[in-house]
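Two complexes, one shared chain (chain A), two partners (chain B, chain C).
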Partner chain A sequence: MAIKVIKPGLSTTVQDLGRPGYYHIGIPVSGGMDRLALKCANLLVGNKEGAAVLEAVFMGPELQFTEDAVVAVTGAELPPLVNGEPRETWTSFKVKKGQTLSFGFLKKGARAYIAISGGIDVPVVLGSRSTYALGALGGFKGRKLDVGDRLPVGKGRVVKEGRRIPEKLRRSPGAPAELRMVPGLYWHRITEAAGKQFFSDTWKVAPEADRIGYRFRGGKPLDFVPREQPFGAGSDPSNIVDACYPYGSIQVPGGTEPIVLHRDAVSGGGYFMVGTVISADMDLIGQLQPHTPARFVEVTMAQALKARNDQTKLYDKIKSSL
Partner chain B sequence: MAQLLSPLPGTFYRRPAPDKPVYKNDGDKVAKGDVVGLIEVMKSFTEVKADAAGRIKFIAENEEPVMAGQPLADIG
Partner chain C sequence: MKTRYSYGGDEHIFVECDEEMSLDAFFKSLSMATAVKKAKIKGVTEICPANASFQVKFDPDVIKPAEMLKRLRMIEKAAAKANPLIKSRIIEIPVYYNDPWTRETAMRFRDRHQDPKSTDIEYTARINGLDGVDGFIRAHSGAPWFVSMVGFVAGLPFLYQMVDRKRQIQSPKYLRPRTDTPKLTVGHGGCFAAIYSVRGAGGYQMFGITPVPIYDPNQKIKHLRDFMCLFRPGDIVRFKPIGREEYDETVAAVEKGKFKLKIKDVTFDLREFQKDMDGYNAKLMGALNGH
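Take a look at the complex of A and B:
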């Protein structure tokens, strides 16, 4: 079966759990920005948790179905409409052959995951169906959806409509969003006072934040510890000798605006990193709208690992609730 | 009277470029489909088009941060 794209939305892409294993040669992990929501959407429609879905940011697409299917929309509160009739998020529903799935205005969050029974059946590239648009790799022809595209869908299992994930098991950022981070190898580059200030400031998501990196502004510029410019590093105090950038690392070019690298990020470069957002909180970043207030909260590695464990337990609870 | 709502969250602009005049002034007549502003988000600009015909009165300011579904202007 196929799905016809009537309207693509702002930037709707095919994503699964990503393409790990190639970051060292510059190919990012890609995949859903909110992977917990992506997995939930798949479970609701009877797919394997890592099947390919559509990730719609800020604005939903309009899709016409050529066969009956079961659909679920999770992540952002982007109200689904079947032939104009409202359906609930985080709940499976039927879309019949010939019907159109569209969306109302975004109410909360940033990215909605649209899972269709059978999964989006684009070719697997380097182990994943995820779109890396900057590199024109994977997904549907390596790009975001466009008007007139016909998306191939696999054969799904027969599942009931009305399967639902209860509200208490859904995760979304607070206000302000609290992003836990472990200070990194280059923490010594900023003064003690700047370090304290970094954690006490409330930042705001910059409108240019995207799948590559989430930029924040509004906090005080960081003061650097004076140094002699090392061979191979740029002249700005925020420059280092080129290093690897981990997924989740927070670079602060010029000491002014922190950027958290996300699923489509570059893998290395010459900016110092104050630390790394913990894996358990990367999903939350994917749900931040522009201008949302956010704070960085310092945690230890032990706390980060516990948070990851808690995230796994939450997912186990979701699975057993279905 | 119809309200024109923002399709996206982002920053609202009333002019196509900083050195260009505004698309429409308060009280101007607009036709359905006329561009009346831009929303900037994720390094891209999306045109906001009138969804009704009539005289326009802006509610949102130039460079104002807006949410999806927020009223930008009255048209009627």
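Take a look at the complex of A and C:
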């Protein structure tokens, strides 16, 4: 079966759990920014957790179905409508042949995951169906959806509608959002006072926030420890000899605005980094709207691993609740 | 040269072989990264060599970060004893220097440049004490370059010129990055050359353009059929100056599927190279040309 795109939304892309293994040549992992929400959407419609879904940002698409299907929308509170009739988020529902799925206004979060029973069946490129738009790779023709696209959908299992993930098992960022990070990488480049300031400031998500990275504004500029710049690094104190950037790493070009790299990260470059957001909090970043206040919270490796473990346990609970 | 290890959150370890760029630091990072790959450590998902550092991504549910760090330190010890020898490839990349497209782009963003009255080539030639555009082209194409890192975006090579540090071309990045760079622009920032694999933002000085595609996600171009990215860290590149006519002919040949990339396998020995750089480079050129 196929789905016809009547309206594409703002930037709707096909995503799964990504394509690891090619970062060394500059091809990032891609995949859903909020992986937990993506997996939940798939479970609700009877797909494997890593099936390809649609990731919609801020604004939903309008889709016409050519066959009956079961659908679930998770992540952001982006209210689904079937032929104009409201449906619940985090709950599976039926869309019949000929019906249209559209969305109301965004209430909370930033990215909604739209899973369809059978999964979006675009070709697998380097092991994944995820879209990497900067490299025009994967997904639907390597780009975000457009009017008139016909999305292929695989054959799904028959599942009931009304399967639901209870509210207490859903995860979303607080206010202000607290992003836990392990200091390191080039942390030693800033002064002790600047380091303290970095954690005590409340930042705000800048409008330049996308799948490549999230920029933050509003904190005080960071002071650098003076040094003679190493050969090949460049003259700005925030420059380093170009190195690889970890996912979640926090670079601060010029010492002014931190950028947290996400799933479509640029794989390397010449800016120093103060540390890395822990894996358990990467999903939360994907749900931050521009202008949302956020703080960086220092944690140890032990705390980072505990948070990761908590996230796994939460997912286990979700699975057993279904 | 002192190796520094740092965790990048709970999924990465970052290994800096040296703070400053040098061929020794590059070799150390490449040989350690290669050794990590060969060790086939369970849980490792990505190994990314960079200019003077490298990074390993792993699944901490499979291998604990502290255990991963221990394994890397052991590999460092073993790598220190190894002979700095790598299997490499030498690749010829024709460059149309001072071309109209990068010049036009440069003019659109002149207010972001250090010297709005010169072109990027003229400016870089002057600050490096080279004899104008021709002197610059001779210096830039006169010695081969190492691909010291591939990344930023898909398939983009960073290149480090294989000459004495005092002869290396250096230039600052634009004061503020451009929002546009033509695809396949040959650029320069700090001591590194780069070839932009896709059109987009960029801050490097722009010197010319190559007609040879280096990234093809559809894998239709002949030399990118096996893999969509041309370059790998450790490759050696020779830039060959060409004019408009050869540029147009090459573009047409690529389109018709008739372009044949000049590429040869070579073994590179750092110690031999350091004994006589110009002599060694001449031998590499000989290998490329089938001597």
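Following the convention adopted for this analysis, the second predicted complex is superposed on the first by the 322 of 322 C-alpha atoms of A that agree within 3 Å, B and C clash if a C-alpha of one lies under 4 Å from a C-alpha of the other, contacts with A are read in each partner's own complex, and residues count from 1 in each chain.
We adopt the following convention: contacts are C-beta pairs under 8 Å (C-beta built on N, C-alpha and C of every residue); 3 or more make two chains touch, one makes a residue touch a chain.
Given the structure is predicted, the values throughout are model-derived calculations rather than measurements.
When the shared chain is aligned, no partner comes close enough to touch A:Ile190: not chain B, not chain C. Of the two partner chains placed by superposition, only chain C is touched by A:Gly248; chain B is not. Judged by the touch definition given at the top, the superposed model places A:Val266 against chain C, while chain B stays out of reach.
In the superposed model, A:Glu208 makes contact with chain B only, not with chain C. Legend: residue contacts after superposition of the two complexes on their common chain; A:Ala133 is shown touching neither chain B nor chain C. Of the two partner chains placed by the overlay, only chain B lies in contact with A:Met59; chain C stays clear of it.
By the touch criterion stated above, A:Leu106 is placed in contact with chain B alone, chain C being left untouched.
With both structures placed on the common chain, the touch criterion links A:Gly26 to chain C but leaves chain B unconnected. Comparing chain C and chain B on the residues of chain A they touch gives the larger count to C. Within chain A, no residue touches chain B in one complex and chain C in the other.
By the touch criterion stated above, chain C contacts chain A in their complex at residues 6-12, 14, 16, 18-22, 45-55, 57, 60-61, 64-66, 149-156, 158, 165, 172-173, 189-192, 197-198, 200, 215, 217, 228-229, 231-233.
Those residues of chain B that touch chain A in the shared complex are 5, 7-11, 40-44, 46, 65, 67-69.
Per the touch definition, chain A reaches chain B in the complex via residues 10-11, 57-59, 104-107, 110, 207-210, 289-291.
Interface residues of chain A facing chain C in the complex, by the touch rule stated above, are 20-21, 23-27, 125, 132, 134-137, 142, 181-182, 184-185, 230-235, 239-244, 246-249, 266-270, 273, 275-279, 301, 304-305, 308, 312.
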